[in-house]
Amino acid sequence: MHYLKSKITFAASHQLVNQDWDTEKNRQVYGKCSNRHGHNYTVEVTVKGPCDPVTGMVLNFTQLKHLLKEIIYSQVDHKDLNQDVPFLTNVPPTAENLACVFWNLLKVHMPENIALHEIMVQESEKNTVYYHE
Amino acid sequence: MHYLKSKITFAASHQLVNQDWDTEKNRQVYGKCSNRHGHNYTVEVTVKGPCDPVTGMVLNFTQLKHLLKEIIYSQVDHKDLNQDVPFLTNVPPTAENLACVFWNLLKVHMPENIALHEIMVQESEKNTVYYHE
Amino acid sequence: MHYLKSKITFAASHQLVNQDWDTEKNRQVYGKCSNRHGHNYTVEVTVKGPCDPVTGMVLNFTQLKHLLKEIIYSQVDHKDLNQDVPFLTNVPPTAENLACVFWNLLKVHMPENIALHEIMVQESEKNTVYYHE
Amino acid sequence: MHYLKSKITFAASHQLVNQDWDTEKNRQVYGKCSNRHGHNYTVEVTVKGPCDPVTGMVLNFTQLKHLLKEIIYSQVDHKDLNQDVPFLTNVPPTAENLACVFWNLLKVHMPENIALHEIMVQESEKNTVYYHE
Amino acid sequence: MHYLKSKITFAASHQLVNQDWDTEKNRQVYGKCSNRHGHNYTVEVTVKGPCDPVTGMVLNFTQLKHLLKEIIYSQVDHKDLNQDVPFLTNVPPTAENLACVFWNLLKVHMPENIALHEIMVQESEKNTVYYHE
Amino acid sequence: MHYLKSKITFAASHQLVNQDWDTEKNRQVYGKCSNRHGHNYTVEVTVKGPCDPVTGMVLNFTQLKHLLKEIIYSQVDHKDLNQDVPFLTNVPPTAENLACVFWNLLKVHMPENIALHEIMVQESEKNTVYYHE
């Protein structure tokens, strides 16, 4: 079995807040992440599938990159994740929630014979989240 | 002559706007950077000075890091550069302006015999600004 | 299921020796690693757990980093692994043994609902060890 | 269980073509990869095995590196993958096929008690392939 | 004075040969680089100029990137440097020559008030060439 | 003018001590660096010279790497800088002193027409020293 991993990066701002809580409670739970700030996010998407013996490819990397660009990058790059992104309304934009939301968006666009395997979301070099069903 | 370079990173949000312009003009000049978004910024500060023959050091790296933490990091990390940072009021928070402002802040705190040599500000792996007087 | 990975680095010296062997035998088995030398070690710890729908987090990254700092970093950074670290007495400080020892130390401190998933120890960019039970 | 990962890099040229197709068909399937071009390839090989309690090692990293150098690096570094590499004749040199071919070559040389676990082939920082049986 | 540095990468094949020499002489001078092989090249271009106090920018990074894409990337990416690149005909495609040729191509396209400062060409992480007039 | 930069890494242990001082004074000046510990050091050496129009090279990178391997790497890799390295006797092995010592060792071995331009010594990603005469 082959696995293909493609990587995109995007720049976005966010702040971690639960809208049912006041400022003090949000600061207590999220610390300085309750301030508005931002990141260069890295997202790595891994898919798996059989290798076509004629082309020697599971999937053309160009096609995979195109998918990530259309479905993720175009909606979040140079945006504020709390205010500008419809599919993040009512969800604290933590790395955990981003990974889960990206999974659901990508899953329905997988080409035939290809399965989504894992999504990684990295806010900074030291903090990384992985998600799979 | 020896040169010492120390590196800090911080996470912040910003948007490039000149407050004298309307939204359309700002978008025309700054493109998608006129949207609110954010970055993991990298700042590298280079100082120069003579090497003390007794200690074998120009300056203790711990002292240099402490300076960067106090004067830069503590004021910009997990902040919005347009709204939360007093010394950036009325200045579009471009990498060029950040480099210049950090230079002026650090310059007056250089220890004896040590001169500020260069400041690098990097918004993303592909875009870097250097500044020196 | 979500997985969180956090990363620390530390600087330490070590030499690979089995105390039951003489110098020649140690050199034969461990090569130049039987000399005293040192590394910037990288340790990545992956934990897994359910995502709390209210906070959108599995675990606060700050809490995870605090754990790694207390239990690993504080005991090995700027130390000699052969002489200064109680839990490495009588164990050749190979990357394999470090991974295993760090696993046992961390495992008993996992917060409720969180399981330790994997530990990576890297002595250099080219040599990496992973461990899980 | 311990896993050891070692990394090599090599520089090679290739072009993606299926010899049964004409130029136009190759360009349609492989895009600009049907032109002759080249890469700095990164290959990471992960093996697994028990840790010898006497040496504290699964396998000496020097031995693993030697294996990768002999079996992979010496045959592909500073080569043209389409013309100079016997085991790639009649196979389009995609990352998927490289991973598979390297697996088969390495598998028969694993030391006692050591199993090949995974092979990663990376053509560029953004495109990665993993393979295991 | 401000300096801006932008970075592009491209994938190309090449072989180091002086067409006036036979195979043996080329191998003696260029070693294994006389074989056809390839690289992921990194090019960093540094320009300098005054910072416009109204925009807070020396030059829009988007404009600089566009220039590098048009003048360098579009002519060398996924190409064979010996055969497919008109401005490299009759020049051994060493990193030194690439840096020099890119300098001459870019220099005449500098925007008003902006001077080309330095060009870096990197064939691999360990081998780097810098050029300026 | 062309500049060539080559990079080596080595693993060594050291502790910062001035032998004229007692433990307490050493700890006061050098902090935790007065403990024995270690690093993966990175050394980058930049030379400059004219580009030979026939070969298109300033210097063969293989020759430059060979020089660094012979003169630096072979003497410090997998060593203790305080005890095993003749040219560091009586010198606290700070990054500043390493840069200076490496400069003096390399300078006398420069090939004809080639001048040593700069030496960088990096103990960790965040702390870097540059030296030139």
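Think of it as A, B, C, D, E and F in the order they're written, each chain with its own count starting at 1.
As a convention for this text, a contact is a pair of C-beta atoms (placed from the backbone, for glycine too) under 8 Å apart; a residue touches a chain by one contact, two chains touch by 3 or more.
Bear in mind the structure is a predicted one, so any value in this text is a computation, not a measurement.
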| item | value |
| --- | --- |
| Set of chains adjacent to chain A and to chain F | B, C |
| Between C-F and A-C, the pair joined by more C-beta contacts | C-F |
| Most widely separated chain from chain A, with each centre as the mean of CA atoms | F |
| Most distant chain from chain C by Cα centroid | E |
| Centroid spacing, where centroids are CA-atom means, of chain A and chain E in whole angstrom | 34 |
| Where chain B and chain E are represented by their mean Cα positions, the distance between them in whole Å | 29 |
| Overlap residues in chain A, where contacts from two or more other chains coincide | 125 |
| All pairs of touching chains, each written as two labels joined by a dash | A-B, A-C, A-D, B-E, B-F, C-D, C-F, D-E, E-F |
| Residues of chain C that touch chain A when the two form their complex | 1-8, 46, 51, 54-58, 60-62, 65 |
| Chain B residues within the chain A interface of the complex | 9, 11-14, 32-33, 35-40, 77-80, 83-84, 123-125 |
| Chain D-touching residues of chain C, taken from the complex the two chains share | 16, 18, 29-31, 91-94, 96-97, 99-100, 125-133 |
